[in-house]
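Both complexes shown next keep chain A, but they swap its partner, so chain B is in the first and chain C is in the second.
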Partner chain A sequence: MSKSDCSFNTSTQYHLILFVAGNGPNSSIARVNIAGICENELAGRCTLTIVDVLKDFSAAAENNILVTPTLLICKPEPEVTVIGNLSDHEKVRRALNLEALQS
Partner chain B sequence: MNRDTDSPHLRLQEYESAFEAIRNEEVDAVVGSRSIVLLKLHKAEQELRQSEERLRLAMDAGKLASWEIDPATGTLSSCRRLKEMFGVSASDGKSFRDQCLALILEEDRKRLIEADERALATGEGFEMEFRIRRPDKEMRWLRTQVMPVKDGQGRFDRLVGIASDITERKKTREALQTSLQEKELLLREVHHRVKNNLAIISALLDMQRQDVKDPVAAAVLRDLDTRIRSIVLLHERLYQNKNLAWIDFQDYLDNLLHDLCFSIEGNCRICCSANAQEICLGIDLAIPCGMIINELVTNAFKYAFPDGKTFDGRCAPEIRVEAQKENGNYRIVVADNGAGFPKEIDLNNSQSFGLSLVRMIGTHQLGGEFELDRSAGTRVTFTFKPPKQVKHLTGQYQRTEATPFHP
Partner chain C sequence: MCPNNLRVPAGSLEKRSIPKAPSSIRGLDEILKGGFPLGRTTILSGTAGTGKTVMAMEFLYRGALEGHAGLFISFEERARDVRANACAMGMDPAALEEQSKLRIIHAEIPADAIKAGDFEARGLLAMIEGHAQLTGAKRIVLDAVDSLMSIFEDPRREREEIGFLLNRLRDLGMTTIFTVKAESGGLKIYPFLDFMADCVLFLDQRIEEQIRTRRLNVLKYRGSDFLSNEQPYVFSAEGLVFMPVSSMSLEQLPLAERVSSGIHKLNQLTGGGYIKGSCVLLNGPSGIGKTSLASSFAHAACSRGEKVLYVNFETSPETLVGSMQSIGLDMRPALDTDSRLRILSAMPESAGVEEHLLRIVDEMSGFSAHHLVVDAISACLRMGSGRVPFDFLARLITESRARGVTCVFTNQIRNQEYLTRMSGIGISSLVDTIIALEYFIQEQELKRRLIIIKSRGSDHSKQFHQLELSHTGLRLGRITGRESESPGSGQEDISQ
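Now for the complex of A and B:
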């Protein structure tokens, strides 16, 4: 990616939704992982909503969520989903289009 | 928050990602159209894996190999270790079993196959040790523990077991056995030599006695000789015994009484009997008990029947010895139906050497008590509790210090 992309990325606003199932082991891991990303790479330019599908089933159904934990990146568009406990940082970074920052 | 997932391509991608996450155990719940399925499987599987890991480590620690035989197909499946034990590397279960069986020594193989068949028929497991000759020609001992397992219909259709290599243990056991046999032989030899040396002393005393003109001195020598012979007899019994630690007291008393009867009485007109069934004594107790009995019986032979008559003059002269064990206490009775102990003689203050010896051994060495009944002949009852550390018979009957044990 080019450097111009990089300047575009640093100003991008993110809106994320993490779907979890209570305090299941993978849901807990995903919470910790996404909190880390929001506080570091995305500090000051993201909003994060955590939806517990055990309490709010309709939100999961509306968004066609298949399994939990699932991270839904609503903004920037197009929407992207990351399924799993978000321990694969590279995968999450790719989905967030943050790769350019490293290169 | 509604999301556009109508694109079949995108939907397919999401399914694939979801499956991958499930496979990677990164998923807690599956969201259906109407409900959520929580994946408890994850935890159960983790526990199962932990349990398997624990079992594997334990098997490694015990150097155990696990295996399973399916008699229907004749296949043997096992862990890596069994292949290492046999030194074979077959890829399919059938040829692996054939290879293993071929390495087992013929007579052991026959036993093992029979035991396998019996286990499947009866449903009872078994343990067996067998020998194998590995492809590198090395002979090894293996031990296997086998359990038959039921199929869905409740029939025993498989054998599951573990195996371990016990070659080293066998070698150690054999070495131990050999060492034990050597020690036993040595101990037997020691008892034999002690007996022989004492027998020489006894013979010397006998020769001396025949040479002595003074009847009192001759009697003293004879008494001394019988005392020594009562100990000779013990060592003789010990080295002739299967068990070197214990003396069958009945057998010992039969021999002792026979000897005394022959040496003192000569023509054996006094009937002697011993009853000490199921009494076994270590040499520490057998020597003092034997000496006490020797003295009391010698006394009876000498003084109980002065004119060959019993106390009531009706029945035949008789000397009886009994030994019993009751509540951990030993009771030894020496009884005769003779004239009875003279009233002026007290067992506790007698000046006679023989009775002093009895008293010293009985009360000082064994810590027991004597009881004298003169109502019908003489009946001396000696009761004692076997001490944990028996004081050894020394020249002056002094208490010996227990030596500390250094392995």
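Now for the complex of A and C:
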């Protein structure tokens, strides 16, 4: 079992996997966006794994990743799938349940 | 630059076709002149229930049986449903999956996925490439690709993504089939696809007079010849079966060999019996003895050790055997003991014309029949309107001729005056021999008589002969005594 598997047990509160396709525009934007969230709002509470489907075919197949970028929020449960370059910050924050955390 | 295998020397009359991947689906490669374009994309569109998925799966399945690994990606149905449907069509995908010759994947984006910005379908490509590397698959089906693409919610993005996918699959040298839904009016979800693909097939079904007919239309095939027009197909227990309506060629028969009509006198009148491998039509009104004549032929053939397929559109096998007993023909041994006679009883309305044709042709081949009796072809008028009965009979004659099978068709006509003109279906030009039967009145008695109207390649009798049916059999003889009027008014026509 690797970190690119949702059932991998992390000690942190958040476990995220971002699937990208090389350095394509949307993938690059998504990398920047998720890094910002992990370094700020989720600093110290987040395990992030980035999988490049162009290099790791099997990871895409195992997780049924059809589009890139795809963000799997494995933890906290339930598991949530976010697709897109994560530029819609509001939606990403809501998917991560960040409003609830702050209130 | 033109690849070597496509280069045709200047001035050469030889027309070379692009490389193909045979579908091995019965009849389809004949229509596509060899199969799907190798390493290219074929679009398979059609309305619901026309068998797009079955056809695409059968391509992979039959290929896998021959050693070509295939990948089936379903965007709509779950993998286990795809497997179950394939099983229902006589395929066993699980066994091939175990050998990694076939892989069925249900690819789906979770319905509750959140969209947060732009994305591409690269994951799908990665998945395809991953599987292809693992199994060496060069054949791929993307089933209901529109289901995936709808996630883009933008026609322009859908088009871009499909274009990218097609190009990439082509670069990978994949022989690809895209199945796409179409509206019943033939309206397409992705009209642009027809321009992008090398081969475009359209499946259609319609129901006329409560009989369902399915048709394939090849709309485009870049770099290849194909059978144009609508090509009928059916779902059978062994998968899809296409029955190409090619230019029907009725080749000249070798006229030398004869088979007995079962009646000695009739053999004399026809110049030695029916011509082997030819088609004989027995025309006449109800109750005149058409079935008896056809059965005499069948009985004689079985007695010689030959096999006869008797297609009975009128009665059950029991009724036929029973009624033939009353004229001294015991068909039971041939039917039960010797297995030389097979009776196929069918209601014309019970199935579409393709199903009937397939069943008869399959029986003919499986049973290795020497002869075929169809009693009565007039029932074919109940299979459908327009050209349907004619097409059915024409194709049946073609199939029989290709196998060297002698056909005896009975045809019931309503009015005697149409005797010589051949009523109804209009296949008289396709048959080799026409024998007409009719009633006439002599000395206040209703009698039967027979005349050979046409017999290709034979010096045949041109006179009426009296036909007598009794419990000892059929008898043909000269008409004695003074003839009176026939009940119809066709006498002048006939005796010309």
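In the analysis below, the second predicted complex is superposed on the first by the 88 of 103 C-alpha atoms of A that agree within 3 Å, B and C clash if a C-alpha of one lies under 4 Å from a C-alpha of the other, contacts with A are read in each partner's own complex, and residues count from 1 in each chain.
One rule holds in what follows: contacts are C-beta pairs under 8 Å (C-beta built on N, C-alpha and C of every residue); 3 or more make two chains touch, one makes a residue touch a chain.
These numbers were taken from a predicted model, which means no experiment stands behind them.
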- Name the contact category of A:Cys74: first (chain B only), second (chain C only), both, or neither. first
- Query: With the two structures laid over each other on chain A, which partner does A:Glu39 touch: chain B (first), chain C (second), both, or neither?
  - Reply: neither
- Query: Touch check for A:Ala21: first (chain B), second (chain C), both, or neither?
  - Reply: both
- Message: Taking the superposition on A as described, I'd like to know which of chain B and chain C A:Ala95 touches: first, second, both or neither.
- Response: second
- Note on the structure: Where chain B and chain C land on the same part of chain A: residues 19, 21, 24, 26, 53-54, 57, 60-61, 64-69, 81-85, 87
- Query: Okay, in this complex, where on chain B does chain A touch?
  - Reply: 1-5, 11, 14-15, 17-18, 20-22, 24-31, 33, 35-36, 38-39, 42-43
- Touching chain A in the complex: which residues of chain C? 105, 107-110, 112-124, 126-127, 129-131, 133, 148, 151
- Which part of chain A faces chain C closely enough to touch in the complex? 19, 21, 24, 26, 29-30, 53-54, 57-58, 60-61, 64-70, 80-88, 91-92, 94-95
- Residues of chain A that touch chain B when the two form their complex: 17, 19-22, 24-27, 53-54, 57, 59-69, 72, 74, 79, 81-85, 87
